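Here's a structure for you.
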Amino acid sequence: MIDITDIKLSNAQIAWRAAQDIDDGAYVNLGIGFPEMVARFQAEGKQAIFHTENGVLDFGEAPKPGEEDWDLINAGKKAVTLRPGTSFFHHADSFAMVRGGHLDVAILGAYQVAQNGDLANWSTGKSGIPAVGGAMDLVQSAKRVAVVTDHVTKNGAPKLVDACTLPLTGVGCVTRIYSSLAVIDVDVAGFVLREKISAISTDELQSLTGAPLHANGPVQKLICPKVLA
Amino acid sequence: MDKTIQTTAEAVAQIPDGATVMIGGFGGSGAPIELIHALIDQGAKHLTVVNNNAGNGHVGLAALIEQGRVDKLICSFPRSADPSVFVESYWAGKIKLDIVPQGTLAERIRAGGAGIPAFYTPTAFGTDVAKGKPVEVFEGRSYVQERWLKADFALIKADLGDPHGNLTYRMAARNFNPIMATAAMTTIAQVSQLVGLGAIDPERVITPGIFVAGLTEVPNPAQEEELNWAEAIYP
Amino acid sequence: MIDITDIKLSNAQIAWRAAQDIDDGAYVNLGIGFPEMVARFQAEGKQAIFHTENGVLDFGEAPKPGEEDWDLINAGKKAVTLRPGTSFFHHADSFAMVRGGHLDVAILGAYQVAQNGDLANWSTGKSGIPAVGGAMDLVQSAKRVAVVTDHVTKNGAPKLVDACTLPLTGVGCVTRIYSSLAVIDVDVAGFVLREKISAISTDELQSLTGAPLHANGPVQKLICPKVLA
Amino acid sequence: MDKTIQTTAEAVAQIPDGATVMIGGFGGSGAPIELIHALIDQGAKHLTVVNNNAGNGHVGLAALIEQGRVDKLICSFPRSADPSVFVESYWAGKIKLDIVPQGTLAERIRAGGAGIPAFYTPTAFGTDVAKGKPVEVFEGRSYVQERWLKADFALIKADLGDPHGNLTYRMAARNFNPIMATAAMTTIAQVSQLVGLGAIDPERVITPGIFVAGLTEVPNPAQEEELNWAEAIYP
């Protein structure tokens, strides 16, 4: 099997690529951890408005160390800041916003994404204590649900699969995957390859993917800035 | 991003014939009179309107009905000081009426905005209003299943608004406006004062901008009660 | 049949009697019209907190003529005033307050009350345009639902009936009736006479009532101040 | 009417063994640490606690769990910077865990306060979390029926409070506090500042006093994050 260690995109590059698809003024929820990085790479002249489950819309970046206010945090319990336009609301109103379909984009991490759009990202199965948070609400109700992820697990197993073997977060919800090797849409046909890095062939990419990669129009080169903070 | 719209005419320009339109307000308080009048000027017809009432006198919603633009009204209380326009349309068979208990109306609208397709309420159990609706028993008590209510457009009245669509309301003029803002595909607000981004205290925002597609400033908006005392007729 | 014209209580007296049962600090909703009068007769040293469906809690009495603010009205579309402690909320929150059982007392008018507690007060039947407002929510969910009413209709027909013939507002919801002749509880036994005016005998009262009046303990004299504004 | 209570001890005195207690907060923001510590001192046990999380470090909810007072936890996310107390209790079989998706948890609490015994949500459809729950199709989409969630007591943290129990919150510390206030038979608030009646702008009240049974002033309340950096352990 091909070794992708040196060719794959960094998390920052994946986040950069995901950020390029976010429109100016889009209402966006970023999952805890890796997906949060997307906020750092908004395209020039575009400003998304970020929502966090714990009741803040249009918050700003992290404050300087020592300037945190722990009543002003995001869903990852990290301190954030006010912006002109920030608003606060309680948890039921926050998820009314989510469940009511008002968010344009939710970007989450994934353990597995199936070719029918099923997502598994909350539980590794029997061991460990389950913790779902707001993911199940987000994936069912945002207008567009995207995933940022390594293309394969640390052990080299496909994360894009025929059918999820881990407990589901949501059914048929993911429509685009930004992986460390490619941009792949999920539609009625299954996985549709849109972009891939030049350093890997389509056959090699297929060998790292657990279900057929379909073509629907030309496959673009996936090009990201090389060095990202 | 700037959601500001210059005129009420422009604000309502996209509302097509046959649209379902939620109109905020409770009686005159919170009623977006100028947006309704702009909708009359615009000419859309065969509308389904959701409002708590059915208009008063010959302005606002009453005027919209008088112009024959409303095929169906979903409301809780089609009475007012001067309900003659609605009453005449109703008895002439020109307008259909769907009576919904006020709290159920509010909750159905809230459910529409919150992605809740159905819920159970004790309200109206055993009454004519609940006829034909599913009933379920929870913890020994009977409840009626009610469905969400959504709209193509919401026309609402707010007090302050900023370019992102964050809104505040004035006292009891809040009423149906914030929930209708959540339940329509496109929500248009008239605001008494347009302020700069950041001018509204984040703690005071009642409708976050995510629910608002466009807003237009109408300083010193007309109050339905005062128009009616002046025996105003629109247009 | 006995002529009650000269002996029956006035609406103000009925409202006064209803007001005496309201505790200090009770959260109370008064129906449009006659029930609103109850607010004027709160007992000395007791201050109820009034709720109105259109999203105001703890409002004050009507302003002086000319000082009305038409953004500050009650459910009857009458102007009210601010008090220290007033709060505003939207309609869904207002009825969450109602439906959630947070109101201590709702006092409404009635066309008919049945001995099983059924209330009809919103529609006179086929003629007329139906208008329900918030009554159906209030009667199902307030902790205590009381009615203020004339004991009989203008034509002398009982308003306290065996079974309602008019469209129902709510089933089994009324627990106390303040009529122009008596105070009557509604419990599993049906109508239970608690108080009556001295000028009428129990037999006469029964003749004006459409279902049996039960006794459960002594019947008190219903005494109200004679002149009320 | 004055709902003010002098001490946190007095505020939580009536909570009996076996009670269901909603505790506000999301992580440390909005967590009523002083009320939780008063509850530890009070001694009630066999509690069912509803909170978004499962405690962090050895203070607040974590301390309550560490003292063995919580038989069952209903939460969405039992993880934190230091979840060791919960994790050890869980693996030792000392505490039951009921995982609820965060939005469903919030809506179930809101439904409890709003008299809605059940509602339908798309959340968790087709997942293990929805197993055994009724499913219904509305307009071609499948939804899970969820039930209301109520409590005997709610312990919440607010910013300003007046003698009638009207409350405001501070920024994102609002979170679950206002909805829990509506869903408990008895809601007790700790407020950072007690102000006179009329001192809170009516437009700014987030929790109207009708939902609050008692409130006690805790000036400069502890922040969970800061206690944990100081490696605080309660009691």
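Read from first to last, the chains carry the letters A, B, C and D; within each, the first residue is number 1.
Here, a contact is a pair of C-beta atoms (placed from the backbone, for glycine too) under 8 Å apart; a residue touches a chain by one contact, two chains touch by 3 or more.
It should be emphasised that the depicted structure is a prediction, and the values quoted were computed from it without experimental measurement.
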Q: Go through the assembly and pull out the chains touching chain B as well as chain C.
A: D
Q: Give the chain pair, either C-D or A-D, that is connected by more C-beta contacts.
A: A-D
Q. Between chain A and chain C, what is the gap in Å from one C-alpha centre to the other?
A. 57
**Q.** Rounded Å distance, chain C centre to chain D centre (Cα mean)
**A.** 37
Q) Using the average of all C-alpha atoms in each chain as its centre, how far is it in Å between chain A and chain D? A) 30
Q) Listing for chain C: what residues touch at least two other chains? A) 88-89, 95-96, 98-99, 141
Q. Using the touch rule from the top of the page, what residues of chain D touch 2 or more other chains?
A. 107, 110, 114-116, 121-122, 169, 171, 202-203
**Q.** Graph class of chain-chain contacts, one of line, ring, star, complete, other
**A.** other
Q | Interchain pairs in contact, sorted by label | A | A-B, A-D, B-C, B-D, C-D
(Q) With touch defined as at the start, can you tell me which chain D residues reach chain C in the complex? (A) 1, 110, 112-116, 162, 164, 166, 182, 196-198, 202-203, 205, 208-211
Q.
Quick check: in the complex, which residue numbers of chain A touch chain B?
A. 24-25, 27, 47, 49, 51, 57-58, 82-89, 95-103, 141
**Q.** Contacting residues of chain D [partner chain A, same complex]
**A.** 26-30, 52, 76-81, 83, 86-87, 90, 97, 99-107, 109-110, 121-129, 169-179, 206, 223-226
Q: Would you tell me which residues of chain C are touching chain B in their complex?
A: 52-56, 69-73, 77, 88-92, 94-96, 98-99, 118, 123, 129-137, 140-141, 167-171
(Q) Using the touch definition from the top, list the residues of chain D that touch chain B in their complex. (A) 107, 111, 114-122, 136, 138-139, 141, 143, 147, 168-169, 171, 202-204
